[in-house]
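Each chain carries a letter (A, B and C) given by its place in the written order, and its residues are counted from 1.
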Amino acid sequence: MNRLKTRWIIFGGLFLIVTLSYLTNIRFKSVASPEIQKSYDYLDSLPEGSVIMVSFDHEASSLPEIQPLALVVLRHAFKNNLKIIGVSLFAEGTAIGYRLLSQTAREYDKTYGVDYVFLGFKPQQISAILGMGESIAHVFPEDYLGTPTDEIPIMMNIVNYDQIEMVISIADGALAVHWIEYVGGQYHQNIMTALTAAMITTYDPYLASGQLYSVIGGLKGAAEYENLLGQPGGGNRGMLAQTSAHVYVIVLIVIGNILYFRGRKNGKA
Amino acid sequence: MQQRLPIAVCFIAGALMFLQYFSPHPVARAVFVTINDYWQIIFAFTLLVGIAAFVRTNLRQISRGKEAPYRLIGLAGLVLMPVLAVFGGIKIESPFQWAFENMLAPMQATVFSLLAFFVASASFRGFRARNAQAVILLAAALVVLIGRVPITEMISDTFPKITFWVQNYPSMAARRGILIGIGLGSMTTALRVILGIERTYLRGE
Amino acid sequence: MVLHAGPVQATAPGAGNSWFDPATLPTLVLSIIAIAVVLYTIRMVRSGKSFTIREIPGLKAVEEAVGRATEMGSPILYTPGWGGDIQRPTTIASMNILSSVAEKTAQYDCRLIYPTHDPVIMAVAQEVVKEGYAKAGHLDRYRADDVFYISSSQFGYAAAVDGFISRTKPASVFLLGTFEAESLILAETANSIGAIQIAGTDSTIQLAFFIVACDYTLIGEELFAASGYLSRNRMILSSVRAQDILKILIGLFIVIAVIWATFDPASTWWSF
């Protein structure tokens, strides 16, 4: 079997499996892992009116996985009457962040400027992250809609990270590492991340050392969190597709080894 | 002079940023904020360099008839998005946002989704029990994969526990070792730059 | 330069008008030790001491990769990944390797294509490649258009590099720098056209992808050692030596701390 044909078969198989999974209506019951429970419990323990910062540190490409993650965090925060300051350190996360924040705020009847604000995008992530440790209004002189930051009610008593309970980075890459190393390390701020599944292991060392408070990881993490919230959504919908794809990869590994040993027996490998 | 000035700027900026970390004094904080501000400003100008280089390279290649369709699409995107932003704004429900959400985002997601297909083909090809090390790699991969599937969780909680152990002990130990090495490598490289020994960033010395 | 006069808050690290925050003392002490070790090894080199470095298979393959491309009449594609910028040490290490690769491609008259996501990296890479060609005595073979900026967007960059790999079919692909999710996309595309792939990154998660998909992988600090290995630059080798000394010190510290904590679980002197 030539290389190209093999690829077509592998790719075609995966496409079929994922598509069929989304078309069927089978749902898994995901039990919350200790990590998800820890994240949920922390947000649940914050008193009403506490301020959290949610940073949309992702690109448009990862939206299918990022959206369920962002929604569980935002829904939980609004449900518990926490106040949210939204920022984005990736240009592409800006519009998405504003849309998700506004959409969730509408669900819970929250008022812009009072219950939440979106400060928009700032380039040069490390510089922006460190700058907010001194003064958020200096880094973001106005919000996404052009209102001066110091005139927005929610920002009246916020100077820097000292007035914020937790920073939650919704990320599809290594950007949250900057939050951990600079804001966690230098400003002793609690950091939580909501990550695409591929990035979870990058953060394991920070999690084990306590530099990172907790991780909500991938569609599975989103599905578990949705179940805790009692609001099944995109995470639960994607679980069958993800499970099928995992099983498919396991089957491919097994077939690959069978072919390898058969080839070796025939003297080809 | 051509080299000494940037090396001196690099040394002063590097030393100041290092020292300010240890000081809560308002002067140190002001120096820090100021350097950060200049960092942002300089970054904005580098984008102009990128755009100029992108346009120049693509126009030159188009004039030579090389890969013209791809390059024209690239240039069209470069012109279209700023034009939409300038004439229609960038707020929600603007044409810019429409193009962002309905063109850019799906195209980016499509490229990202290739990763799933490549994971499948790389797993098929890469995880073969060729020797003892490959067997360990294969076994670890299978254990983690099986442990991450919700269906195995429903059958028994043993596999997720094994997965947790593999990820948090042997794998973590190896990763920490690599991270310490990377950290030291980064630190010595940074020191070489600050001390002016490493000059690759200047002109390839 | 005008210092910023805005609402600067001295909240962290520590508050007040003191010039030194005592909480940062451990970091300061460790930094001084690290700097002292680096300066010591530099001094050793300046006083005539030379260091050797073990063979790194991925770097031994550089010659093979250039030779193969020359024989096949195909170009070489070298890209530093999407994750880094010029101030990142990994990018600087990658530039040092690029310098050696450029010198070799100039000698063999092999085309070197260098797409990047960062305009500053592009400008520096143009200079590095040009110097490599000049060192080889073939400045006439240098093509500025082959070192180019594509897009700062991760998957815009990945799609474009994928396109170049598919269309130009390079014989060898160097993926050396800071990579994120684009790593496997690039490595698998290079594999699909049968190119030799030499990869290296400081991202541990992408290392896993590279090890499975590429022919040779430089793991973490090997990337930093690589520039010393290829250039035989004594100053770079001295910093590799400094890394080894620091690693031994860290190892000793970990062993002592583990033994101490085992016999005296209540102790905390080692945690800072």
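To be clear about the criterion, a contact is a pair of C-beta atoms (placed from the backbone, for glycine too) under 8 Å apart; a residue touches a chain by one contact, two chains touch by 3 or more.
These numbers come from a predicted model, not from an experiment.
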Check: Looking at C-alpha means, what's the farthest chain from subunit A?
Finding: C
Next item on the list: Decide which interface, A-C or A-B, involves more C-beta pairs in contact, and give its chain pair.
Entry: A-B
Notebook entry, point to check: What whole-number Å value describes the gap between the mean CA coordinates of subunit B and subunit C?
Noted result: 13
Check: When the C-alpha atoms of subunit A and subunit B are each averaged to a single point, how far apart are the two points in Å?
Finding: 17
Margin query: Suppose each chain is reduced to the average of its Cα coordinates; what separation in Å results between subunit A and subunit C?
Written below: 28
Checklist line | Multi-chain contact residues (two or more partners), subunit B | finding: 21, 29, 33, 37, 108, 111-112, 115, 119, 121, 123, 125, 127, 175, 179
Next item on the list: Could you check subunit A for residues that touch two or more other chains and list them?
Entry: 7, 59, 61, 92, 134-135, 138, 186, 198, 201
Check: Could you say which residues in subunit C touch two or more other chains, in rising order?
Finding: 4, 6, 8-9, 12-13, 153-155, 181, 204
Notebook entry, point to check: Contact residues on subunit C for subunit A in the complex?
Noted result: 4, 6-9, 11-13, 83, 153-155, 180-181, 192, 203-205
Margin query: Residue numbers of subunit A touching subunit B in their complex, please.
Written below: 6-7, 10-11, 13-15, 18, 28-31, 33, 59-64, 92, 95-96, 98-99, 102, 122-124, 127-128, 130-131, 134-135, 138, 145, 186, 198, 201, 204-205, 208, 220, 239, 243, 245-250, 252-253, 255-257, 260-261
Next item on the list: Using the touch rule from the top, collect the residues of subunit C that touch subunit B in their complex.
Entry: 1-6, 8-10, 12-21, 24, 27-28, 31, 34-35, 38, 42, 86, 88-90, 92-93, 95-96, 99, 118-120, 122-124, 127-132, 145, 148-150, 152-156, 158-160, 162-163, 167, 181, 184-185, 187-189, 191, 202, 204, 207, 209, 212-213, 219-221, 223-225, 235-236, 239-240, 242-243, 246-247, 250
Item checked: Residue ranges of subunit A in contact with subunit C within the complex -> 3-4, 7, 59, 61, 92, 133-135, 137-138, 159-162, 172-174, 186-188, 198-199, 201-202
Check: Can you name the residues of subunit B that touch subunit C in the complex?
Finding: 18, 21-26, 28-31, 33-34, 37-38, 46-47, 49-51, 53-54, 57, 60-61, 67, 70, 74, 107-108, 111-112, 114-115, 118-119, 121-123, 125-127, 175, 178-182, 184-193, 197-198, 200-205
